[in-house]
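Should a chain be cited, it is by its letter among A, B, C and D, assigned in written order, with residues numbered from 1 in that chain.
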Amino acid sequence: MIRFNSDYTEGAHPEILRMLEETNYQQTDGYGTDEWCEKARNLIREACECPGADVHFLVGGTQTNATVIAAVLRPYEGAISADTGHINVHETGAIEHTGHKVLALPSKDGKISADQVRDCLKEHFASPAFEHTVRPGIVYISYPTEYGTIYTRDELSSLHDVCREYGIPLFIDGARLGYGLACSECDITLPDLAKLSDIFYIGGTKVGALFGEAVVVPDPSKLPNFRYMIKQGGGLLAKGRLLGIQFTALFTDDLYMKVSRHAIAQSDRIRSALNELGFRIYIDSPTNQQFFVVRKDKFDELTKEFALDLNCFLDDEDVVARACTSWATKEENVDLFISALNKLT
Amino acid sequence: MIRFNSDYTEGAHPEILRMLEETNYQQTDGYGTDEWCEKARNLIREACECPGADVHFLVGGTQTNATVIAAVLRPYEGAISADTGHINVHETGAIEHTGHKVLALPSKDGKISADQVRDCLKEHFASPAFEHTVRPGIVYISYPTEYGTIYTRDELSSLHDVCREYGIPLFIDGARLGYGLACSECDITLPDLAKLSDIFYIGGTKVGALFGEAVVVPDPSKLPNFRYMIKQGGGLLAKGRLLGIQFTALFTDDLYMKVSRHAIAQSDRIRSALNELGFRIYIDSPTNQQFFVVRKDKFDELTKEFALDLNCFLDDEDVVARACTSWATKEENVDLFISALNKLT
Amino acid sequence: MIRFNSDYTEGAHPEILRMLEETNYQQTDGYGTDEWCEKARNLIREACECPGADVHFLVGGTQTNATVIAAVLRPYEGAISADTGHINVHETGAIEHTGHKVLALPSKDGKISADQVRDCLKEHFASPAFEHTVRPGIVYISYPTEYGTIYTRDELSSLHDVCREYGIPLFIDGARLGYGLACSECDITLPDLAKLSDIFYIGGTKVGALFGEAVVVPDPSKLPNFRYMIKQGGGLLAKGRLLGIQFTALFTDDLYMKVSRHAIAQSDRIRSALNELGFRIYIDSPTNQQFFVVRKDKFDELTKEFALDLNCFLDDEDVVARACTSWATKEENVDLFISALNKLT
Amino acid sequence: MIRFNSDYTEGAHPEILRMLEETNYQQTDGYGTDEWCEKARNLIREACECPGADVHFLVGGTQTNATVIAAVLRPYEGAISADTGHINVHETGAIEHTGHKVLALPSKDGKISADQVRDCLKEHFASPAFEHTVRPGIVYISYPTEYGTIYTRDELSSLHDVCREYGIPLFIDGARLGYGLACSECDITLPDLAKLSDIFYIGGTKVGALFGEAVVVPDPSKLPNFRYMIKQGGGLLAKGRLLGIQFTALFTDDLYMKVSRHAIAQSDRIRSALNELGFRIYIDSPTNQQFFVVRKDKFDELTKEFALDLNCFLDDEDVVARACTSWATKEENVDLFISALNKLT
């Protein structure tokens, strides 16, 4: 079985394993106060051209989303999100578990627009009974989105403008950030992201690390006392060094972008093949996830050899399949997958 | 600087790193549904002589405590704990964050007794206004405790009896379980633990692993639908295999107990030295933590070379110092520490 | 200014005030353990033909919804509701505040169907990653709905069947229950409701009382230990007698239905007038709320004399106005309102 | 049976009932936006000599405590309280339900001192691992306390100083405020209270009203957006006018203090009798609660005719009894109680 069903099917980039082994017997303090975490923080600050940023390391995405959002919101506030947003559908209500409503807006290709967000905020404050409804207190988006799409610089900029207009932060879930930054349609950089958002994170779990997400807060006053929150939320890893070492590896010699570019190159090959073979593309994605329509029986045939994600049923006959690549995807496996797609048609 | 300040100052046992490397490019499913997790579950079931047990893997102790306790309790229930219990003092209110009060009982050497628990329960139900107070819904203890002490089989058995009498579960925090089971005063085994408690966990983070705790539920009906809770609590690791691989390593060839015995041997050497040198022992611990009294200036001198935990101030002059050993403690470092203690007196 | 903007613009039915005065110096126990509460419970049990039911008194609707739903759900469960449901839009996220997601289904005239609920449940359990999503744990509907509509006996019965099929309770918000039961299209009775749902409440606040909601649990095992929840949720009124006295008054000599029928008679007069005058009816309601379309300038003219609720903007020119009647609505005020409507056209 | 077991055994002061009746058919807006609430707010602002204060009305004490504390705290913060504080023992964990730990300090006669609070705060911030523990974020005291005692002006002033030193608010639970202000030992006034605390409430439920508590926030920036919180917490009464009318009555012609003085006069008579008859006083209280020691068999005899609260068992033989007076206590009932006490000895 060759797996394209997700981007976390392997371990970690060998350089990370090498560094873990090399440093294994070093003795360090715990909970992210060690020298490796400090080194990784500095590397990330440099990469973001943000010398004053706070950088916090957490273990996984759901944990990071819930901890950041709970840290920002007052009890009566909620998080604006695309209805397809990870926090709205795939986290077993982790946001609600912290006491907050997800204010879901209809999305297009996984995205929401600045106009939608402004309307939502305007409507809230215009209501004579606004105190009877949840007050929007943060805007949550993903880059790339759940559907592999990305926001343009202009779109991000407009979203950030609305947020500043209403005094609430823009928070970007970057669980797959590298795959967004490395794709051909991307018109922003890491330093841009630090300017266009208030809080964002650099995903490690899906982009070369064993696990780990690095939360970047360009203006630290936007997320004060966050270490209390990480501890309370169960995200303060005792051996915090493991996160420091991994992000040090990823932010040395451009490794994070190198592995991301590899994934995109392989995904682009699948994208081209799907187009050439005339598959209907469900949502056109420039990043590491490809969504295409295929007859259910063909899907079943294909998935005898290749693990794919069944995203949804389109109708009685057709399903939407998702194929993911990652830092670990082997070129020869993509070859095999493309020839299987060929045979299918 | 040689560190004895905690039991998580190094990485992981080399066998674990070896297995992570060996399996690095295996493709597996995520979230604990892979074959390594299944293998580790079976090894743990065997070690506990509990073929029907549920075994769940989480990342860290605070997370495990909050997730288990929130899964068990109804909203109006609280967790009985020693006042010195980890959930009561060192988790930034993670239990309260899930909506539940910690019902702290005065402790002796980190322990609470069956009689105390029974009195607490009896008093609750005897009160005419019991609905105005938090109902005890779980009993939480640690084995070993925060002070390195352990419960005897009889004590555990009595605690379990009270719990059954009142129909609430006994939950054992085993963050340092190996160090309890491996010590000379221990009169129980892993299979005993599975009989004497309703839910317990086998700590990996402090006992040889990079991270990870294995929750064992001998009677799975005591913790139904727990995977929802793990996901909601941010503990469902995407690359769950990492936990499966680590616990497979730890439960192969008795590694978990071997590394535990090593830590105890080194801790016993420190314990003997402290006794021989006439140090006042604050709490006599048979496990991997030693608590001893030392003048503040001597403590400062000692900690120029050896990192120790300052547990508390005893009075204006004296402090309680804690020295921990672990699976990774080097014999020669203990030699150096003992001669430093010698010089101090 | 004559008010039709809501059904809580006056105090209470005079009989209630009379009884409060008459009993004012009686000394009773607190927190709902007094003889008036017991009497009211028995009257309600009789009216529901449910001698074994539990009856609990709370102060208001938002409180009752949050307390019941939090009592029923496990932390990873959510409440299925119409997207227009009170818990989804008008309670400042009170349900989320207790940790639970509202699973909003698209509604028609404020209602959801058994098929929608079944699909939602089916889809949840069919998903291979169901543990990553919120599990539906209760179905919440209102009778009448936010839009004044009511469910037929068949619709209720089908909803109840789905709930039993999946083992989750059907909970009915009856904040305006009397106005539903008293309307011409109603095909159920209070005893029917006790059979067709698992938990429901009889609204007092909007139906003749100063305040108060009576939660009825035909099978008490569906809501055990609920008094703890009421206390924790701040709903256990110290002078619980006030609730007992009010519901005793409302359930003596059929007062609850008498005042409800009065409100419906007045609402029906408005409904007829609106129809005769050719107003576009936004949602046709047989109960005490009438929703009609009117030009914004006409609305402004009308509301110089008559307070109405502006439900929403239909387009740039037209708004949806809501006119409510209640137990306290004076016939002559309805006369005046109808002639104002006449003049408007 | 004559009741002295609590201070909420009757309805309301007749003047309140009269005003409710008189205003019954007035039509008003809901949720505290009506003219009666506005009038009551102004009367309270005047009584507190605090023209800029925010005044909010809630229904009961547990609700008020939980809503205020949850509004003030960040998720990782807790509330400092006497271990005997109402929030720590008698509210079924309502504070924890909102996610916050109660940081209980040992109390003397129901009180905590400024020194204790300072030590608690100092210790928190001095700890190198402070982020692993709950951060104190508010100080909660009651005036009078659960044991009927009161803080002196100096004690309050010192508590307020510590709070300002650490930038956290001092919150005073005044469920029985009138009985404190009216007692002979009281050395403060309502305007003093507004200077010596950041948030406090004026209890109505136990002091003449049917129900209701008035939260006073001298500097409104200390409790912004509080109406969202009240709504979310289920405390925003639809017929808010009921609270406005009651507090208007209580703050017209000094009624609040008049009824309070009546209760104190009757309590003082019991206090004198207990002293004269040689009863052992458990805690000497100048307010409306008297705590005295009596043999269990005598207690049983006494409570055949007089309802008393059994506060606790002192030993195998003796119990602590509590006798409460209130605005409604009849002089002749106190006569009867005193002669029963006489007969007992």
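We adopt the following convention: a residue touches a chain if its C-beta (ideal position, glycine included) is under 8 Å from a C-beta of that chain, and two chains touch if they have at least 3 such contacts.
Remember, predicted model here, so these are calculated numbers, not experimental data.
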Reaching chain C from chain A through chains that touch each other, fewest steps: 1
As a multiple of 5 degrees, what angle does the CA superposition of chain B onto its copy chain C give? 180
What is the chain whose Cα centre is as far as it gets from that of chain C? B
Which is it for copies chain C and chain D: same residues on both faces, with over half shared, or different residues? same
Computed distance of Cα centres, chain C from chain B, in Å: 50
Measuring from the mean C-alpha position of chain A to the mean C-alpha position of chain B, what distance in angstrom results? 33
If you average the CA atoms of chain B and of chain D, how far apart do the two points sit, in angstrom? 42
Touching two or more other chains in chain C are residues 75-76, 91-93, 97-99, 129, 131-132, 228, 231-232, 236
Given the complex with chain C, which residues does chain D contribute to the contact? 1-3, 5-6, 8-12, 14, 17, 20-21, 23-30, 59-64, 66-67, 91-94, 97-98, 205-206, 210-211, 228, 231-239, 241-242, 307, 328
Which residues of chain B touch chain C in their complex? 31, 70-71, 74-76, 98-99, 129, 131-132, 135, 225, 227-229, 231-232, 236
So in the complex, which bits of chain D are touching chain B? 75-76, 78, 89-93, 96-102, 129, 131-134
